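Sending over a structure as structure tokens; questions will come in a sec.
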Amino acid sequence: MSTVLKLTDLEVDFQINGTVVNSPLRGMNLEIKAGKTLGIVGETGCGKTLTATAIMGLLPSSAVQRGRIEFADRGEITSKEMAEIRGSQITMIFQNPASAFNPIFTVGEQLKMVAQRRNIARNQIDALLVSRLASVGLKESKRVLDSYPHQLSGGMLQRCMIAMALISTPKLLIADEPTTALDATIGDQVLTLMSTLQKREGFAMLFISHDVSAVAKVADAIAVVYAGRIVESGPTDQVMNWPQHPYTRGLLGAIPSADKARGTLVAIPGNVPSLLTSVVGCAFAERCSLRSDKCSQEPPIVQINSQSVACWEVGK
Amino acid sequence: MLGGGQMSEVVMQISNVSKVFPSREKKEGFTAVNSISIDLIKGEVLGVVGESGSGKSTLARCAFGITAPTSGSITILGQDLAGKSRRSTRELRSNLGFVFQDPAGSINPRMNVRNAIAEPLLLAGQSVQEIDKRVAFLMDRVGLATSQLNRKSHELSGGQCQRVAIARALATNPQIVLLDEPTSSLDLSVQAQILNLLEELRRDFNLTYFLISHNLDVVSHLSDRVAVMRDGVFVETGITTKVINDPQHPFTRELIRAYSGVHKSDGVLPAGFHLDDWQDGPLNRWAFQNIDSFLPVARIEASQSPIDLPVSIDPAIDTLEIEASGNTYTLPELVNDLDTDAIVVVRKGVVVYEKYFNSMVPESLHLLQSVSKSILGALFAIMADRGVIDINKKISHYLPELLGSAYTDATIAQALDMSVAVNFSEDYLDPESEMTRLDRAAGWRSNSTGRDLGLRSFLKTLTASGEHGKAYQYCSANTDVLAWLISDVTGMSYQDLLTRELWQPMGAGSDASVILDSQGLSVGNGGISCTARDLALFGQLILGEGRAQGRQIIPVQWIRETFAGASPDVISADYLQALHPGGSYKNQWWITASQSQEIFGVGIYGQYVWVDPTSQTVIAKFSSLPVPVDPVHSRKHMALFRAICGVTISK
Amino acid sequence: MSFLFKDKLTGTATVMMLIFIVAAIFGPWISPNAKEGAGATNVDNSYIGPGWQHLLGTDELGRDLLSRIIYGARPALLIALAVVGFAAIIGTLLGLIAGYAGGWIDNLIMRVSELFLSFPPLLLSLVAVTFLGPGLINALIALIISWWPWYARLIRVEASIIKSKPYVEISAAMGVPDRIIILRHILRNVTTPLIVQIAADLGTVILAAGSLAFIGLGAQPPSADWGLMVAQGRNLIFDQWWISTFSGLAIFLAVLSFNIIGDALRDHFDPRIARQ
Amino acid sequence: MKILWNRLSSALLVLFAASFVTFTLARVIPSDPSLAYIGPKATAADAAQLRITLGLDQPIPVQYIKYLGETLHGNWGYSLSTKQPVLQEIIDRLPATLELVFFAMSFALICGVAMGVYAAKYRGRIQDSIIRILAIAGVSMPAFWLGLLLQMLFAGRLTWFPATGQFDIDLKYDNPITKITGFPIFDSIVTGNFAATVNGLHHMVLPALTLSAYSFGLISRMARANLLEVMSQDYIKVARAYGLSERIVFFKLALRNALPPIVTITGLSTAYLITGTFFVEQVYNWPGIGSFAVNSLISIDYPAIMGITLLAAIGYLVINFIVDLIHAKLDPRVWMR
């Protein structure tokens, strides 16, 4: 199966007047296969969204990016090449559909702008939009197209956003917390829709969320991110059922449920680190119960079952 | 715990509480909480779970005296808060604690941690020494270091702010604590810390929690009892494990499904549904009736003045005995054997037989498959008659995009008659056949090949295999080309054309639909779904030489040509001759060339419109056969139809 | 306070403002000719152009212009402080009551302040000072009349936002009396927007007071008032250009430095805007 | 439509109240208007007689109702200084002021928006800083002083523009303007009086420039701030993510989104222009409402002051009303409520 996206040692620094003030991405390595979904899971500030922003080439000017981004059969691509395929071969849906649509244009006008950009013949645009909206389950396409964003519910807007992302039949769809701003039941419908569409259209998906169960629903593989680096990755079932990295174990143990006795959730001590401080060695070490002296050095990537785990202590 | 039964002491009684907010839209206002009653029992955790706008926060605010309810009463520890001044209820209020969602907003940004925690103690009139002692104790209990006493909220993390909020809530030793989304803005790992802390404090101080959250996981983890709230009412209340394991209300089930880690289909799609399998049995029983649940469709609109065919059921039809494939069946047996979803028989303009199966109802739409082609044929007759197109012109004349493809030199007429010579294998089961590629391009199958994105791009790739017009070769792609062509020439979508030219003039009773590909092009070869009645009505239109509602809709000439069949010069196909000796394919219709001169449209998995001019009968039949094409099924259908029409003759 | 020197422009403005403050406080001691600054005439010296003797020249009564301008700093700054101070006190009081109480009290206070705001800026002051009679004190009262509603409106909006913050709701639910909530929670949290607004208004008030004086409705001769001095030099603008030019320049620089500092203060306290 | 009606009715209410406030100010405040009318040498008896003639002896509410009735009938009283009907004075002078405001506003709006856009585009660079200084200078500049400076420089030293007046004095002999609408420059264009047009525009430059400084500062600051605010919104990020060109993102989307607040500030700055004309017309001897207003204020010509105040309040209301209309047109969230 062919690879759609491959990141090698992707790093991002933020600089003010030439001095690095923040290094939120510290070497991301990941690969997405055609037609498959990779889920990225992590807590606030771990660099999930920044990874998406970097792939799309939309980092602010104060950011410095290093490492390789390879896309489909194009090989390594520069930010200039990315500007060409952005919005056509790679599209993105965003966390908050209510703010992702421009309040003063109708949904139809905004979808049309994107379609026009894709050089679709003028007389075919209407039909295309109707079809796209129908495929995301919005049957009253005329009403939807003529609506302003504030007239539609969050769930409907997110469907419109997905329709927008599929106008150009992309190879890769990046979904950045697509269900976070929605009610759980609506979010679940959106997840189902995305899986169905993926089956039909065959795009690969990078699914970013802090919600482990949402990611587990749609992803074929999961990458757990902590402080700007992947600490564990592998097939969804494996990672969910046999987590290896202490952080992954902690994270899964922290999910509350009726089955777990009250007061017994795994509570990783401390807080998610702020990235203002530079990290030496394993970033998780200070919250880790397995911590040893070695942890002050960069942990190696070890293979356990079918997972890759960045830790000194597991698999010994 | 609740097990105590008669020992349980009610600490808060909420009876018939409603809260109505004034509303711009509605004069009577918006009812956020609608007459809710529930008791809070000492030592329990009552969890209220609901989505945004369910009214759960409003309920909590009413219960804890933050806002006054519009009606109903709240009794806390035997006392009523309503109508009393803040001062006189201060003592009672010291039994209440509050923890809100927004950790930073819970603490006055100008106050340090010490003063924030001390506020309720100050109110209770304690001395500075007492306060400092108490604050130190609380800080320790919620896991904050004394070094943080002088910090302000912006110097604390979200989790720490929430710990301060909890410490303040516990300052006056309250009995009941309101937890309104206490962990919703925290990260998962911090949420776990706070949830553990809350449980620990509850045990140590014998607290009663009133927990509000949108997060079912949090509520089900922490609560003894759970109430599921929606639109201002509790739709389900009960012991947590019971509600979670055996939910009664559909919304509870939906909520639980949304929170379960395993991905289950969302109720619209049946279990085991996969885009690559939906056409085969048994999935097609559901799929053919529910195309719009998984494929994009556009509407073909019903007539404003629909024709309602008179009904006079002929009981004789059900008593027919039919010989087919070496067996003798009664008609109901054969109908059942052929996996029928619907069958409608119209004799001389009167409905004489009408049956629906597989949960179909008269209003249900069903996929026509290739019967759709016959409808396209009729549309082309109308457009040609009106001079919009010339069917003897080359297709590439109208669609220059197809220059270089198989359709460079083929005429519209040749495509209508299926005599285009094209490299196209109509093998429904071969994953690499052109037919399968066509399905992928139309979005009918999953497509991860990166090719054939949309019908247009697929159709351009078809190549010619010889001279056109010489031999009959059934090729579904021809019809898709024609649907593309007609909407390009007229500048109207295919569905709008059908609505305007055919569906409304013929008096269709229901909206029909047509499947769209990813680019919005209608799938002409088999994408229409309609009701059985409307399909019969269409057959009736053909039978009536194109007239309906007093208007000539389809030119007579064309209908006569169709009945006459294809020119004998065109080389036919063995399978066609085997089934219908002397039969042919003309204008997107099949011609039987039998004694009764029937013509028909047929779609895979058993879809038919059967027009018998001799007995003046039209039969519309929908089925969900397990396989696309099987000669045995075909013969059984012929036998069935002819038997039904035969009844007519015998009368 | 480092934000007062965050860039060259703000730094310059801060220095300029300090100079004006020094002039206002120590005017009699630092001006080249304190007597003339206070109003003593010296008709023999009238209309001397700018030079070493008189850096900014002399006016029609032979007074040293630089001294006059230094003396003018005090009334200018005082009126600015007084107007903004009183307007802020009245406005904050009414705004707090309106924002916290809500209901008909809120409605009444807001309708009244809207009424005052329904006149074009400064017009009400002009009319009021006309009927009160020209003079510095009357100008001050007139300016307060048209300034307080802005504060009432600002504080009311802020108060009603803070009122719905969880910490206020929790306090109220615990039984903390309104009086204490207003003082402890609301007043303390409106100070930031209040300071930002005051800083932004100081310059504008100097400008407004200057305008009143220019058409003769503010300070009266022989006071050293910048607006008045511009008016006095107005008919001499083509020949004894320095009188109006330098007096006006004093107004302009004072207003400019206050406005720049106001901007810096706003950026400092409201980082959302500052990022832009 | 309902919004429109609500606005209109509340506007009438405000107008009613505004007239009451001015009226009260004029009556309650110590300086007795009758004194201004008959001069300081009059005897007490004369004054008493006059008070009766003017109806000043009656209770304030009665006086007010009388005043209101008269006002509604177009009787705005007689100016104490010119002895002409106030309404006539206002009608005669209004066109000159409106033309001045029109040119000043146009200039401020065009330059303000252009500069604001330019500054936003080059945020943080030298262009941005220069425009920022210009804008702050604009709002810090006393109009009367700027007027004098420009007069001294461009009329006095350089003699590029006339120092005062609306037209050259000889114009009314050489090329008299035929009165059609009363708006002199407009009339001169309509009647093809080219010489008068040029002369009028020539006189217009300095006053319009002076008047526009404040509005320019406000508008350019607001335009810049709002553009940057809009540029940081999610939907702009989305537009970029979908490959829309920077040109479209900036000019078609962002600028369009930034318009509503620019319209608001334009309305507000037009209101500033109303009082701004008082000083500018005074400096340039412009025969409009502004100079009339200043003269009335100085001479405590209370019928004229009340008339002008009422007119200004009406003008302000009309401006706000127009702003609301445009606002609603630009932002669907407003008109769809």
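Every chain is named by a letter (A, B, C and D) in the order it is written, and numbering of its residues begins at 1.
The working rule: a contact is a pair of C-beta atoms (placed from the backbone, for glycine too) under 8 Å apart; a residue touches a chain by one contact, two chains touch by 3 or more.
This structure is a prediction, so every number in the text was calculated from the model and none was measured.
Undergrad: Can you list every chain in contact with both chain B and chain C?
TA: none
Undergrad: Counting C-beta pairs in contact, which chain pair has more, A-B or A-D?
TA: Taking the two pairs in turn, the one with more contacts turns out to be A-B.
Undergrad: Determine the chain that sits nearest the middle of the structure, using the mean of its CA atoms as its centre.
TA: It is chain A that sits nearest the middle.
Undergrad: What's the distance between the Cα centroids of chain A and chain B, rounded to whole Å?
TA: Those two chain centres are 26 Å apart.
Undergrad: Suppose each chain is reduced to the average of its Cα coordinates; what separation in Å results between chain A and chain C?
TA: 53
Undergrad: Quick check: how many Å separate the C-alpha centres of chain B and chain D?
TA: It comes to 59 Å between the two C-alpha centres.
Undergrad: Sort the chain contact graph into one of these: line, ring, star, complete or other.
TA: Shape of the chain contacts: a ring, since each chain touches exactly two and the loop closes.
Undergrad: What are the touching chain pairs in this one?
TA: Listed by label, chains in contact pair as A-B, A-D, B-C, C-D.
Undergrad: Okay, in this complex, where on chain C does chain D touch?
TA: For this pair, the touching residues of chain C are 9, 114-116, 118-124, 126-128, 130-133, 203, 207, 210-211, 214-217, 227, 230-231, 234, 237-238, 241, 244-245, 247-249, 251-252, 255-256, 259-260, 263, 273, 275-276.
Undergrad: In their complex, what parts of chain D are in touch with chain A?
TA: Going through chain D, the ones touching chain A are 233-235, 237-244, 248, 253, 256-257, 330-333, 336.
Undergrad: Can you name the residues of chain C that touch chain B in the complex?
TA: Spelled out, the residues of chain C in touch with chain B are 165-167, 169-178, 184-185, 188-189.
Undergrad: For the complex, which residues does chain A have touching chain D?
TA: For chain A paired with chain D, touching residues are 56, 58, 83-84, 86-88, 91-92, 94, 96, 99-105, 113-114, 117, 148, 150-151, 164.
Undergrad: Chain B touches which residues of chain A in the complex?
TA: Residue list for chain A touching chain B: 34-35, 43-44, 120, 123-124, 126-135, 139, 166, 169, 171, 183-189, 191-192, 195-196, 199-202, 210, 212-213, 216-218, 240, 250-251, 253-258, 260, 262-269, 271-272.
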